[in-house]
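Listed after this line are the structures, all set down as C-alpha cells.
Two complexes come next, and they have one chain in common, chain A, joined by chain B in the first and chain C in the second.
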Partner chain A sequence: MAAEEICWKCGQLFSGHFCNACGAIQPPAANYFDFFELPPHLNLDAAELEKRFYALSRRLHPDVFARRSEREQRYSLDATAVLNDGYRALRDPINRAEYLLKESGFDIGEQKSNPVPPELLEEVFELNMALEDLRSGDSDAAPQLEDARTKFVAMREHIDRDLSAKFAAYDESESRELLTEIRGVLNRRRYVRNLVNEVEKALSGYVPN
Partner chain B sequence: MAYSDKVLDHYNNPRNVGSMDRNDPNVGTGMVGAPECGDVMKLQLKVNETSGIIEDAKFKTFGCGSAIASSSLATEWLKGKSVDEALLIKNTAIVNELSLPPVKIHCSVLAEDAIKAAISDYKSKQTTRKPVAEAVAH
Partner chain C sequence: MFQIDFGESSETVVGIDLGTTNSLVAYMDAATPRVIRGEDGDNLVPSIVSLAPNGEIVVGNPARQMLIDRPDRTVYSAKRLMGRGIGDVQDELKLFPFRVAEGSEQVVRIQLGEKQFTPPEIAAFVLRQLKKNAEAALETQVTKAVITVPAYFNDAQRQATKDAGRIAGLEVLRLVNEPTAAALAYGLDKRKKGTVAVYDLGGGTFDISILKLHDGIFEVLATNGDTHLGGDDIDNLLIHIALEDIQSEWGEDLSIHGEAVQTLRRAVIAAKESLSFLPSAQMEFAFHGKTYHREITRELFDRLITGIVDRTLGPCRDCIRDAGVSVEQIDEVVLVGGSTRIPLVRSAVEKLFRAKPHTDLNPDEVVALGAAVQAGILSGTLEDNLLLDVTPLSLGIETMGGVVSKIIHRNSTIPASASESFTTSVDGQRNVLINVVQGERELVKDNRPLARFDLKDIDPLPAGMARIEVRFLIDANGILNVTARDARTGKEQSMDVRPMYGLTDEQVEAMYKASIDNAEADFHARQLAEVRVDADAILAATEKARQSDAYTDLPEEERQAIAKAVNELLLLYHGQDHLQIRSKIEELNAATMTLAENMMNAAVKGALKGTKL
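The block that comes next holds the complex of A and B.
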C-alpha cells in the first residue's frame, strides 16, 4: 500500500494519486501494486484491477490537466505511463508473477541459475530429434510429434495448476522460499511453452501427402 | 549480430556430432539446457579404461550457432585430456576462443555445464561399478 507522503503543492500529508487536502495530482508510485493500491499478491481480483484501471484512466488522463501547470501535466503523463504498463503487467497472472519476482530482487530467466529437471531435458532432446526428422521431410516423425504435443500441452496445464496453488500459498505467507520455487516453475513453463510453439510450428508446416 | 569466423566454422562443420552408448560404463553423458531459449545440449565422453584419458567425445546440440560452436569446441578440447584436466575447461576459454559476444556467454556456460555433467555421470558410474576393487586397493 502507498505510504503517506507530503504533497508537493500544499505540504499536507496524503496518500494516493491526489492530495487529500488540496487535490493536486502527485507523482505516481513506481511500484504497480502501490499504484493500483492493491496488495502485492499473485492472485488478484481481475475485475477489481480492471475497475481501478478505468477509474484511474479517467482521473489521470492528460486531457484533464491540459490547462494546469507544467508540473501537473508532467505528473499526469508519468502516471498514465505507469497506469498502462502496470495494467499490462498485473493483468496476466504470469506477467504479474514475473513482475513481483523482479521487484523482489530475483533475476528472471537467468539461465545459469535454474537447472532444468533431467527428465524434462531428455524429453526435450527426443522431441528436438523428432522435429529435425520432420523438417528434413521424414513424415514418420509426425505421429511422434502429435504425441509430444499432447504430452507437452498436458505438462503446461499441470504447471499452471501447480502455479496457481503456489500463488495462493505465497499470498498467505509471503515467503521468499515460495518465490524461489515459483521462479523455477515459471522457467519450466517458459521452456514447455517454447516447445509447444515449436511443435505447433513444425506440424502446421507439415503437409501430409 | 555477426558471428565470428570460428563460430561459423564450427557451425558449418561441427566436430564430433553424434552419440555413444550411454550404458557403456566408460561413457559419461551430460544433458543440459537453457530454459529461456530452449537450447538443449547433449555431450558425451568416453574414457579409456587403462589410461584414464578421454579418448572420444561426441555432442548433439539443438540451439543457436553459438551453442553449437561452444559444444563442438568443447568436444575437441576434451579429447586427449584426463578427467581432472577436463574439469578445468572454463567457459571463459570458450568465450575467448570463439569471440562470443556478451549476449552469447550463456552458450559457453552451457558447454561447461555439459562437460561437468558428463564427468559427474561418468564418475558416478565408476563408483557404483568398482566398489570392491577400490576397497581392495585401500
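The block that comes next holds the complex of A and C.
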C-alpha cells in the first residue's frame, strides 16, 4: 500500500490520491496495484476493479480540475493517465501477470526472440509445412490446418487452466519460484497464441473452391 | 479545513460544433443546452468564408451567395484540409475547388483572391463569427470554448482545430469527439445504464462510436470512422453525373466553370434534400441561357449512393468487434449529422444494428448541444456526468528496419501514456532521433508521421550506457505530449520537436496577433458607425430646432455658434477619427444648450397652459 508522504500544498502527511488534511490532489503512485489500493495479486475481483476505476475517474479526471491551478491540473492529468493505463493492465489476467512479472524484476521476453518450446518442435515443423503448402495453393493442406487449429486452441485452454491454478498458488505464497514458472508458461502461451493467429490468418485468407 | 477553489469564474463556456458544412454554437441555460442563433435567426452558420473585394471577411449565410458570385474568393468544406499537407489532399483537390497556393507541404495554404489562408485561419473566421453570435446573445464576453472534432481525427487534425480556436481568441478548454458529444446530449436525462452506438455521418466525415453508460459516466468502448466520407461525397457524385449529362446534351464541359459547378452544387443539394422525404425530385439548372433538367427517383438515388453508404458499414463492424460487444448487446443507436436524414442511410443502420435508430434530437444540432453539456461539466455545473473517451488511432515509434512498435493502442481510454527507454548505439553519441507515427499498419511508411523528437545534448558516454526515459502522453483532447528525462541524472532531457504537419506555435501566435489587429479594425469600424449614429441624431434634432420660435429668439452670436458647430461636425463626419467626431458632437451639444433649455421651457409652459383648459 502507498506509503505516507508530505502534501505539496499544506505540508501535512498523507497517503492516497488526496491529502487528508487539505484535500489537494497528489502526484500519482507509479505502481498500479498501489494506485488502485489493491493487493499485488494475480487473481483480482474484476467487479471490484471496475468499481474502483469508475470511482477514481470521477475524482481524478481532468474535467474535474478544469478550474483549478496549473499544478493540480498536471497532477490530475498524470493521475488519470496512470488510472487508465493501470486499468488496462490489470483488467486482463494475462496483461496483469506480465505487469506483475515486470514489476518484480523479470524480463518479459519479446515474442520475436522466443525460442520454440522443445516439446512443440515437431508439431511446429509440420504446421509450417502445411502453412507453406496452403500458401502455395495446395488446398489439401486446409483440413490439416483445421486440425492444427483445434489442437492449438485446446492447448491454449489447457495452458490457461494451468495459469489460473498457478495464479491462485502465487497469491497464497507470493513465492518467486512460482513467478519464474509463470513466466515460462506465459512464454509458451504467447507462442501458442501466435500459432493460432497464424493458422487463422492463413485459413481466413484461403477461400475453398 | 475547507477546500478553496482557485481561479473559479462564472464566465460562460460555450460549446462549438465546427462542422464541414455548418457550424453551431450552444451554451448551458441552467441545466438545458441551447443552440444560439445568429443575427439572421439561423441556428446554423454555414462553414463558408469569403474575402470580399473590399478586403472584408464574410462568413456564413452572406458568404453562400459569394460562393456563386465569386468562387475565386470563397472557400467551403475547408475542414477537409485541417491538419493536412498537400500530399494528403490530392484526392480532395480533384473534387473540391480549393485553390492551393505555393508552399503547402506542411500546411495547405488556400488562395482567396489576393490573399492566402491556412485551414486553421479559415476555421478561425467561422469560430469568430460563432463567438460574436454568442456574445451578442448572451450579452457578455466569450473567451472559452469546448470544440468538437470527428472522433477519427488524428493528432495533427486535432492540433489544427485547437490552433483555430487560439487564432479566433478562444481558449479551447477541451476537444470533444463529435459522436461522444452527441451521446452526451442524448444521454443526459435518459437511461442510466446500457450500451449505445452513435452513427455520425456529416458533410465530410464519418464516425461510429460505441459507448457504455454507467450512472452518468459515458465510457467510449471503441471508435472507428473515415475522416473523408460524408454528404459532400454524395453531392460530388451527383454533380459528376450531371456534368456528364450536360456535356452530352450541350456539348460543353462545364467542370472548368467554378460558377457553373457551384450553381449545380446548389441544385444537386436541393434535390438530395428533398429526396429524403419525397419519392422523386427535380434537378434544375440554368447557365448562360441554357437549362438542364432531370428527374431523380428515390430508387435511382439509392442505387447511386449505395457504394457510399456501404463504406460506413465496415468501420461499424470493426467498431462493434473492438468494443467487445455483440450486436444484440447494443441497446440503442443514435443518428447524428445531416446525412443521416437520407432514408437509405437509416435503413442500412437499422439493418446492421437490428434496432430502430433514435432521431428525437435535430441531427444538425445534437453535437453542438453535447459540446455545451461538456462545457457545463468543465464549468462544474454538471457534476454527475463524466466523459471517458478513447484515442482512435494507435501511437507507435519507428524501430529497426522501418517497423512500427505500437506503444499506445487505439481505443485506449485517454489520458493514456507509455514510457520508453532509449539509448545510444555509438560511443559518444549526443543525439537520438525518435520518429512517432499514428496508425495501425506494420511499417512506418504506411502510417501517418506525427512528429520527430530529437533528444539532444546527451552526455557523451560509451554506446548503450545512456538511458533516456521518454514519456508519451495522450491528453484528454487526444493530443500527444512528450517529455524526456535522463534516467541516470534524473534531469529533464532537452529535445527538439518537429511536427510533420501543422503550424508552429510561433505561427499560431502571429496569426492570433494579426487577427487581433483585424479585430481592432472591426472595433474601430464599429465605433465609427456608432459615433455617426449619434451625430445623425444630434444633427437631425438641431435641424428641427432651427425651425422653432425658440431658435429665432436666440441672440445672433448663439445662432452663429450653432451654425459653426454644425458645419464643423459635418466636415469631420466622413473622416476616420471617431474621437474627433465625438468632440464635435460635444461642441454642438454645448452650443445648443440654451436653445434646448428654451425649447423645454416653452414646452413646459405650453403644457401648463394645456392643464388650465
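Throughout what follows, the second predicted complex is superposed on the first by the 201 of 209 C-alpha atoms of A that agree within 3 Å, B and C clash if a C-alpha of one lies under 4 Å from a C-alpha of the other, contacts with A are read in each partner's own complex, and residues count from 1 in each chain.
Keep in mind that, in the parts below, a contact is a pair of C-beta atoms (placed from the backbone, for glycine too) under 8 Å apart; a residue touches a chain by one contact, two chains touch by 3 or more.
Quick caveat, the model's predicted, so the values are computed rather than measured.
Engineer: Looking at the overlay, does A:98 come into contact with chain B only (first), chain C only (second), both, or neither?
Structural biologist: neither
Engineer: Under the stated touch criterion, which partner chain does A:54 make contact with: chain B (first), chain C (second), both, or neither?
Structural biologist: Once the two structures are laid over each other on A, A:54 reaches chain C alone.
Engineer: For A:124, decide between first (touching chain B), second (touching chain C), both and neither.
Structural biologist: A:124 sits against chain B, while chain C stays out of touch.
Engineer: Using the superposition on chain A described above, determine whether A:34 touches chain B (first), chain C (second), both, or neither.
Structural biologist: Neither: A:34 stays clear of chain B and chain C.
Engineer: Could you tell me if A:194 is touching chain B, chain C, both of them or neither one (first, second, both, neither)?
Structural biologist: The answer is first: A:194 touches chain B but not chain C.
Engineer: Quick check for you: in the superposed arrangement, does A:63 touch first (chain B), second (chain C), both or neither?
Structural biologist: The second partner, chain C, only.
Engineer: Taking the stated contact definition, name every residue in chain A that is touched by chain B in one complex and by chain C in the other, in rising order.
Structural biologist: Chain A residues touching both partners: none found.
Engineer: Could you pull out which chain A residues touch chain C in their complex?
Structural biologist: Touching chain C: residues 10, 21-23, 54, 57-58, 61-64, 66-69, 77, 80-82, 84-85, 87-88 of chain A.
Engineer: Give every residue of chain A touching chain B within the complex, in rising order.
Structural biologist: Residues in contact with chain B: 109, 111-112, 114-116, 118, 120-122, 124-125, 128, 132, 187-188, 190-191, 194-195, 198.
Engineer: Using the touch definition from the top, list the residues of chain B that touch chain A in their complex.
Structural biologist: Within the complex, chain B contacts chain A at residues 31-38, 40, 42, 60, 62, 106, 109-110, 113.
Engineer: In their complex, what parts of chain C are in touch with chain A?
Structural biologist: Per the touch definition, chain C meets chain A at residues 1, 3, 5-9, 173-174, 214-215, 217, 374, 377-380, 386-388, 412-418, 473, 475-476.
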